[in-house]
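The two complexes that follow have chain A in common; it is paired with chain B in the first and with chain C in the second.
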Partner chain A sequence: MADTVETGMIGVDARPARRQQWEKWLIRGIVAAVLLRLAMLMGLSAFFEDLGSVGDWLVEGLPWLCLAVGAAALLPNLSSGIRLQGNRLANHVVGWGIGTALLLIMYFFGPQIQPALSFMGRSARVLVEFTGNQGLFLAAMTALVALSLAVIGSEGQLLHRPGLFERVWAKNLTAKIAAVPMMLVALGVFTGGTIWTVVYSFTDSRLLPREKWVGLAQYERLWGEDRWLISIENLLIYGVCSLVFSIVIGFMLAAMLDQKVRFENTFRTIFLYPFALSFIVTGLVWQWVLNPDFGIQGVIRSLGWESFTFDPLYNQDIVIYGILIAGLWQGTGLIMCLMLAGLRGIDEEIWKAARIDGIPMWKTYLFIVIPMMRPVFITTLVLIASGIVRVYDLVVAQTSGGPGIASEVPAKYVYDKMFLGQNLAQGFSASTMMLLSVLIVLIPWAYLEFGGKERTRRASDV
Partner chain B sequence: MSNVGTLNMAGASADAVSDALSGPRGPRPRPRFSRRNIFLYGTLIVVALYYLLPLYVMIVTSLKGMPEIRLGNIFSPPVEITFQPWVKAWAEACTGLNCEGLSRGFWNSVQILIPSVVLSIAIASVNGYALANWRFKGADIFFTILIFGAFIPYQVMLYPLVIILREMGLYGTLWGLVLVHSVFGMPILTLLFRNYFTSLPEELFKAARVDGAGFWGIYLKIMLPMSLPIFVVAIIIQVTGIWNDFLFGVVYTKPDTYPMTVQLNNIVNSVQGVKEYNVNMAATLLTGLVPLFVYFVSGKLFVRGIAAGAVKG
Partner chain C sequence: MASVVVRDVSLNFGVVEVLKSLNIEVNQGEFLVLLGPSGCGKSTLLNCIAGLLEVTDGQIFINGKNVTWEQPKDRGIGMVFQSYALYPQMSVEGNLSFGLKNQRLPADEIASRVKRASEILQIEPLLKRKPMALSGGQRQRVAIGRALVRDVDVFLFDEPLSNLDAKLRNELRIEIKRLHQKLENTMIYVTHDQIEAMTLADRIAVMRDGIIQQLDEPQAIYSRPVNRFVAGFIGSPGMNFMEGTLEVSGSPKVKVGDATIDAKGYDFDKKPEAGQKVVFGIRPEHVMIGEMAKSMPYTSEVEIEIVEPMGSDTLSWTKLGGQNFTFRIDSEYAPKEGEKVKIGFDPARASIFDANTDIRL
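Moving on, here comes the complex of A and B:
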């Protein structure tokens, strides 16, 4: 990252630009090969099936081609000779070499090894994969890495800043191995899973995913379905109301607690405890409190006001507000806590200055304090927004989507279609729409929040 | 607090500034029952009552017998206290054909909770440590993806995970759910640990490096002993989060291995039979007891946990 700074410090810049260049291509080749191979495994190969034997060849050949590009970048440097004696990276070369050897053994003696693996049960299936083409491919990759490290290590110049390839493949290797679970989750589940779902939303998968492409047909069906439209409408009402109310109420509670009240901790504990409870518990309690026969309506009627009606859970028109009451009860405490933390971060001097200038308190809040708390508000907004889209358990527990389909939400639609309705592709397309709505909020926020910081971090980065 | 503020001792407020400069010292005496105070405390108490109401209704209902519930209103305290609903909710309540009550769900949840908490915190703390102290090329990319993953709706990743678990032979088992919780707990916990380890003085790390400690040596001998509080915060986040989870429980387990929340929902929202509201409320309260216990015991650490997770997210 900060190449020039560091080499400048050492005072020698012996590394020719050409060197950086071939290392870059080597890395690009290897990374592209591995990613392609993974993508093929996860279903990218389906795109090539229509091409017949050419397609089969491409599925197998494209990753190898990338690997070949990497190898080609390395070739011209082999001429400078490999020194194994006194090789700076000897440990790493041996390590990658052993890896290659193991993979090759798996490949060549696969049929003999397979029975021995059977004691591991189904999880052995992962290992059996390595006895086939996957094993050969990985062996070629590790061999390429070992060879490249051997070439680079031969130079034996300890003083220089390690080159790009060495930094990627050899430096801090333990840390990288320790971070493998994170990489797998980030790439395999979060990125791979998301892309997989989006891609398969263009198929006509029903009980099981299958690669029969139908274009945007699933989306057309989705937006033609009443249940989905009601879900979206509910989500919008619930979203806007809970955004506005939880921020307003949360801020007002925080402002009140900030007045140096006595028993502040007790109040805060009371306001926050619902947050510790699950949405299921929240939904069930409010289902009981809002029960028309025994709950609030029943109690007030029994007091003499016979015509009093408050039965949100049994009225199609207002059922979503019944869910909103429960949602606000559960979540406002969190918003209050965040706002309180924000208010405590405001300098005491600001308050004094405003007081001396004779500005009334509500004006100070509105025109000085709230604008100063903008980051807190934005973070809260993103938090609530990403939570709203996920609303699922609350509805399941409180109304199960009823009465009729009046309180359906998108998350419930997705679950019902995927796991109950055996209509996978509908679920995929609905969840893709959910993803899209979150991204609309998330990307501008991420840009504002991290876009600016990235540059300053780069500068101080070592 | 400014100097003037500390001079004035406790209770000082902004309007004490002028007093401190000239005139008598000490906080200005305020009438205890000023209009402002009545309004302030009145509102706070009313809101607090609103927040406490459902908890009160839950407790009261669960201690009444069914005849009393049908006659009285839900806010009145029980005339005759009975613990029968609690016993029934724990041991006899039915979901479909199975009448074992919540107890099985409880033990399932415990079996899920313990390995999930241990595994997710172990992975995330090592990740956070690697990200904070052993920054390597490309680490930022993975971390950014991870943080994005925290906001993406889970629904997008549900089915791919079903496939992954099925391939591993873990679909429908407790261990499959443990793995899922570790995966989805990773973003927030990694962020938590990364921020904490970054805040530790770097000299410590460098000194250990000079003394020849490696990756694991520094982690086990220096970082771990220093980060007890953040581990407690992580445990609080995970225990409440995993115990309260419903979506993953219902997607990745089978009726035999349903966690407590799923079983609770099945018991209360089952359509067959007469609704026994007192048993339902006892069951609900039983499910809420674990996170409530964690909440009331942990106090400030709970707040710190959600603040650390949320504000910097």
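Moving on, here comes the complex of A and C:
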């Protein structure tokens, strides 16, 4: 027992540096392969086509070569950790290995074997199923399982630092399996879908996507359209106002509720209640409230003030503020709840200390409490911002973009072009512009947030 | 001259009476410790003095001025909290100067006060750091500094050492004592730790259920507790309590089971009555064994049941007069379990309480 531990200890010292080297190369290989493949798709292949058959081979083969280099880097790393002899999962490894071999045989020799198995009747035809690419895929999967089992089984023998393979496969296996659907969705829908959208925004696709490249023509058209420009302007007004007012009103409500008022729960429920309604219902409700004949204007006129006018939804200049009111009414309650939770997280002794120091309440909020609530503010900021960019249903329910096109928003523009106007590429280019504007905000913020942390850590080390 | 006077102060939260008509006078330059178990109202009393809680009834004077309805900042106090309560987004310097800037003091005055406080507390190298980058002890030092720069006469400490580990607590305890010697300010200090109370205090107020049980110098509280609660709360391990009856034939004697303890030399506060039910208390560290026991006025032979070695001392459990009895002696002379030893003590150092009222006789 002591022996194994001791050899293991030596392994700990000798291994990691080399291991990390290999892992680095694996990751580099994969990244290079993906980038190359993308570049080929985007038109780099044309550059190689002049080279004839060698060029063809490069177009198809170069990414795979990168992948192979990466995989080759992994092999020596893995093999150094694996001992089949004395491996506690040796039988399983051999079993999966045999499975791999069988699948490979079927892939290569399926059609030849089939006649020999004629006594099995029609069921022998199943073999054919394994002769295509799917057979190769299955063989690769079983080989991978065999390999990982070998690694897992030998883990107890060498007390080395787990390598990439073990970390990926052996640790928290159940959790990882459970996360697979989510990862697939994230990769497929978010990444894949995004890339697909961007790529096809450079085509002239109309009802169906097709690969006829037109460069930036769709974008030129987009920025020449009044409807898009008004959408952008509306989004800016709506975004800035709803950001500012949501945070200010939400925080003020939270600060008031934090003064240990009576019936706090009741107030909280009242303020949060609109959040339980969908944007469609909110939009309809506020359409009625702001209706000149039945809503606020009608009520006040019936009270005798005949000249009173308040009809934002029917006035092109201020219609977006009518939508803003409904959005604020719906969303502020949630912001208030988040802020209240943040306020409750502040140590009461901070308040006491500020009172002893004689700091007025507004200054305590501004200079001490709000800076301490930074994480809450970031959460609310993300929530509000994502709500702003995707604002769509509220507009549809309240004004359908009217009067005229005065209350159009980008999300509605995208939907209309893609599904109503049968102009896919135009919709794609609009959504790419939306993505771009989000990135322009997001990237500097990420640098600020994560770059900043690095700096403070270094400062505290000194 | 009295620096802080608390006169008939009561505080109710709804129907719960937290403080019941309290009276304390703290002298100029005195170090007063409020000691008691959790929930006894000691922190509440401190918050009332600071003005963070409004009293239901009574008055509070600081330096002869009635401050009962003054804002905390106008009372001339500085306060240090258990959780430090530093402003996390400001540097140490910012923490020290933020309150002063709000008082609109001139910049050079602020700078000189911050400099003086950081010199006294030796936190000059930390001035540019954020509280996050400080250790617990350093943070508490900054918190003390924030009270120091206010240039006030009265310091209030609300369990300032409770968040620190044992070693740091001892170090900072000595520093607070040094600070008090140097500044000669009035300090009121809340704690539930009797060691802190005994080492720091000029006077200790032992509290229970919103009432001050005893307000006296540490030694007096240790040797002449006024009631059974104080006797049991002070001292570790706790005092031995044995129930018995009083006999007054000749010199007063306490009969505990089959043992009779002659209370000759005990200074009775009240005249003892024959047949009165009493509780006889003697501290474990006042019991001697072996040769030293022989010279004591009361001796007895007991069988040791359990020994608990604690390093320097050993705590031995036995029975006296049929009731549990512990004594503490130097580990060098510690008896073994099952051994029969002679023990002895001086009843003059004991405390005798009325069994019904728990008050010292």
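Before moving on, here are some points about what is shown:
The criterion applied here is as follows: the second predicted complex is superposed on the first by the 263 of 462 C-alpha atoms of A that agree within 3 Å, B and C clash if a C-alpha of one lies under 4 Å from a C-alpha of the other, contacts with A are read in each partner's own complex, and residues count from 1 in each chain.
Just so it is clear, a contact is a pair of C-beta atoms (placed from the backbone, for glycine too) under 8 Å apart; a residue touches a chain by one contact, two chains touch by 3 or more.
All of these numbers come straight from a predicted model, not from anything done at the bench.
When the two complexes are overlaid on their common chain A, residue A:S307 makes contact with neither chain B nor chain C. Of the two partners, chain B and chain C, it is B that touches more residues of chain A.
Applying the stated contact rule after C-alpha superposition, one finds that A:F267 touches chain B and leaves chain C untouched. After overlaying the two complexes on the shared chain, residue contacts for A:P371 are found with chain C alone; chain B is out of touch.
Of the two partner chains placed by the overlay, only chain C lies in contact with A:I359; chain B stays clear of it.
Shared-chain residue A:E349: touches chain B and chain C both. Where the contact sets of chain A with chain B and with chain C meet, they give residues 349, 352, 355-356. Here chain B touches chain A in the complex through residues 1-2, 5, 11, 13-15, 17, 40-41, 43-44, 47-48, 50-55, 57-58, 61, 69-70, 73-75, 123, 126-127, 129-131, 134-139, 142-146, 148-149, 151-161, 163-164, 167-169, 183, 186, 190, 214-216, 240, 243-247, 250-251, 261, 264-265, 268-269, 277, 280-281, 284, 287-288, 291-292, 294-296, 299, 302-303, 306-307, 310-311, 313, going by the rule given at the top. Against chain B, in their complex, chain A makes its touches with residues 1, 121-123, 125-126, 167-168, 171-172, 174-176, 178-179, 181-183, 185-194, 196-198, 200, 209, 253, 256-257, 259-261, 267-281, 284-289, 291, 294-295, 298-299, 302, 329, 333-334, 337-338, 341, 348-349, 351-352, 355-356, 376, 379, 382-383, 386, 389-390, 392-393, 396-397, 400, 410-411, 414-415, 418-419, 424, 427-428, 430-432, 434-435, 438, 442, 446, 450, 461-462.
On the chain C side of its complex with chain A, the touching residues are 47, 50-52, 71-74, 77-79, 81-90, 98-99, 102-103, 129, 132-133, 146, 150, 158.
Touching chain C in their complex are the following residues of chain A: 347, 349-350, 352-360, 363, 367-368, 371-372, 459-460.
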